[in-house]
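As written, the chains take the letters A, B and C, and residue 1 is the first residue of each chain.
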Amino acid sequence: MSDITALIDSVRTKQPLVHNITNQVVINFTANGLYALGAAPVMANAVEEAKEMAQNADALLLNIGTLTTAQVEAMVLAGKSANEKGIPVVLDPVGVGATSFRTEAAKKILENVKISVVRGNAGEISSLAGLESNMKGVDGTSDEDFKEIALAAVKQLQVPVIVTGKQDVITDGNQMFVLDNGHPLLTKVTGTGCLLSSVIAAFLSTSDSIVKAAAGAVSFYNIAAEIAAEHTSAPGSFQVAFLDALYQLKSNVVSETAKIEHLDITKKEE
Amino acid sequence: MSDITALIDSVRTKQPLVHNITNQVVINFTANGLYALGAAPVMANAVEEAKEMAQNADALLLNIGTLTTAQVEAMVLAGKSANEKGIPVVLDPVGVGATSFRTEAAKKILENVKISVVRGNAGEISSLAGLESNMKGVDGTSDEDFKEIALAAVKQLQVPVIVTGKQDVITDGNQMFVLDNGHPLLTKVTGTGCLLSSVIAAFLSTSDSIVKAAAGAVSFYNIAAEIAAEHTSAPGSFQVAFLDALYQLKSNVVSETAKIEHLDITKKEE
Amino acid sequence: MSDITALIDSVRTKQPLVHNITNQVVINFTANGLYALGAAPVMANAVEEAKEMAQNADALLLNIGTLTTAQVEAMVLAGKSANEKGIPVVLDPVGVGATSFRTEAAKKILENVKISVVRGNAGEISSLAGLESNMKGVDGTSDEDFKEIALAAVKQLQVPVIVTGKQDVITDGNQMFVLDNGHPLLTKVTGTGCLLSSVIAAFLSTSDSIVKAAAGAVSFYNIAAEIAAEHTSAPGSFQVAFLDALYQLKSNVVSETAKIEHLDITKKEE
């Protein structure tokens, strides 16, 4: 896509402030990743200030990776605040389905906050949407199944969905992008999915098209991983090289390297 | 030991899910370390889901490094849940003795949860077992004292014990392993002791012998540190090289490099 | 300054234990940074043990980056405990002014704890001292304005102040140091300001002069950044190289490289 260059340049020019209410495991990596690509992070996860902080931000990221009851409350407060201000809200339902607490928390957030897009792996998205499948099974499904999961989840949740995996599927029910960049070492570093969700939030803040901005963000991210993997084949140094690549990756390189298939779902279904 | 190769291979094949309730300082490093060696981490430290998450796991790690009253409660819930399921539980009593809150918390955990093994430095193990010694003094004691501390702690706590330091002593009161690998740079990176405890939990999940699995885990870990230290002499790059080494270290190299002395305590005492 | 060499050597010899009550984002980086330079970190942020842990420490760092009501309480308890023991207390008012909760928390700490020195950027210091300026505006002000902000804040808060930025201004109202080392990559790694505050706490514990110790700490820190930037121009590898530099940087190199202007404010005002 030719507008990816402009999209990335616009993120780096605007330096959007992304308010992250995220889990303790990835909070440092998320902040460093956002700084590296040219955005600005703020982490404020207390009930006492979540609402007010969201008013300062250009985008909001909600990640349920290490949740408490107070955190869920803070997420709802921040989410409603973001909706009032009209900034994008990304939901990352980490491990939803693993415990009933996470499942209930995700539901509560979806009921109370207008989410711009949900990002998860196939198991998380299936679980969130209540699709019939077990997580083990979903992980082994084919790319065709990923598209069906994404579409079924959009229908069920009434929210655009990003299913990430070996390929990445992005759809709002009308358009669908299937992306084919990335590197397996991403799965050996904790928080790479979580950081991606924050990066998507940053990109959404500079674009009117959710699915196009998401496709640009995911492509940018995955190509940075490909470049990092040219320098190393082990996860410690990969994480370092990946942060470097997020910082150094030129926008036109992303346009030239992105493997994006664009499907018009509406037409197809006619 | 010849079975170390098989032990490491079995961890990497099984990819055990280690549920960590650990401190905020090391939570990211722990997750990355477990991924690097081939295990899978999950961090769920809320009272609301600790019990349920432990049921999904192959091993449980309890670390009291940054504790709150709610965390202690979550640890007891997860620990009892792990006991029910029959998975190993490792206790890392970080800083026990430094405050009465930590001491009481460790006691409460020991009273309510069947612990598979406790890992700490000589000061922590002495303090946990109520042995008469001050922490400063213990740190300066000889290797002989380390063995006595370990044995006295096993007698007192009725739990296998790992005392890590320049040498590492592992004993259940019947057998004792004294290990002599490692590198001083490990003491310059925060969380290397904590991650080791999680690695031990991963290894315990694939073996019936607690002390043998622990000896394999500690040897594997310390030899990874030796390899990392061949690439650098400063702590920032050492941490990176260490994660790389956990990922790349071949199991047979550990068998060939491990310096393990095996003592039959029972015989000795007859 | 010729006594910087002695100051750094004394920190490394004494290995002061710095008790940090800090935010979740930077807690790991702070611990690793303190270890790297030769100090010892302890992180204990629970109300249940904050008071007791401060009694073990040589210095206390209070950082309001990810705050809850319980954290504020813990900070006040630890601060009072530190005051009783007579150890230095550094306040880092991260993001003060961004939400009323942070502003109130900072005020409460200042009212209840005798702070040795406050460190922040120009916007944070202005906001904390209630100076008339908005944060965006302050970031663009000239070096002269930084000096005025620092002096006005000292007058208002009755506490020595460090304003960090492109140049760093340190003053207690009588003496002023203006420092001119550092590197822009510091702004691309999360927590570099926060770690600096902890490093200042470590240095304060070995010196009677707050402003001199602070000038030594900031110079040491910024020169480590300059050395790290000789090895890389991207933030991931910069963070690694920076930790290495904190570990390897020789004290006499700091004395020789430090760009410190010493102003006698009292004389000037006569």
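Here, a residue touches a chain if its C-beta (ideal position, glycine included) is under 8 Å from a C-beta of that chain, and two chains touch if they have at least 3 such contacts.
These numbers were taken from a predicted model, which means no experiment stands behind them.
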For this session: Indicate which of the five shapes (line, ring, star, complete, other) describes how the chains touch one another.
Result: complete
For this session: Since chain A and chain C are copies that touch, just let me know if over half of their interface numbering is common to both, same, or not, different.
Result: different
Exercise. How far is the middle of chain A from the middle of chain C, if each middle is the mean of its Cα atoms, in Å?
Worked result: 34
Problem set entry | Set of chain C residues in contact with two or more other chains | 24, 28, 239-240
Exercise. Okay, in this complex, where on chain A does chain B touch?
Worked result: 23-26, 28-29, 65-69, 95, 98-102, 187-191, 232, 234-237, 239-240
Problem set entry | Footprint of chain A on chain B - complex, ascending | 24, 27-28, 31-32, 35-36, 41-49, 52-53, 56, 70, 239-245, 247-248
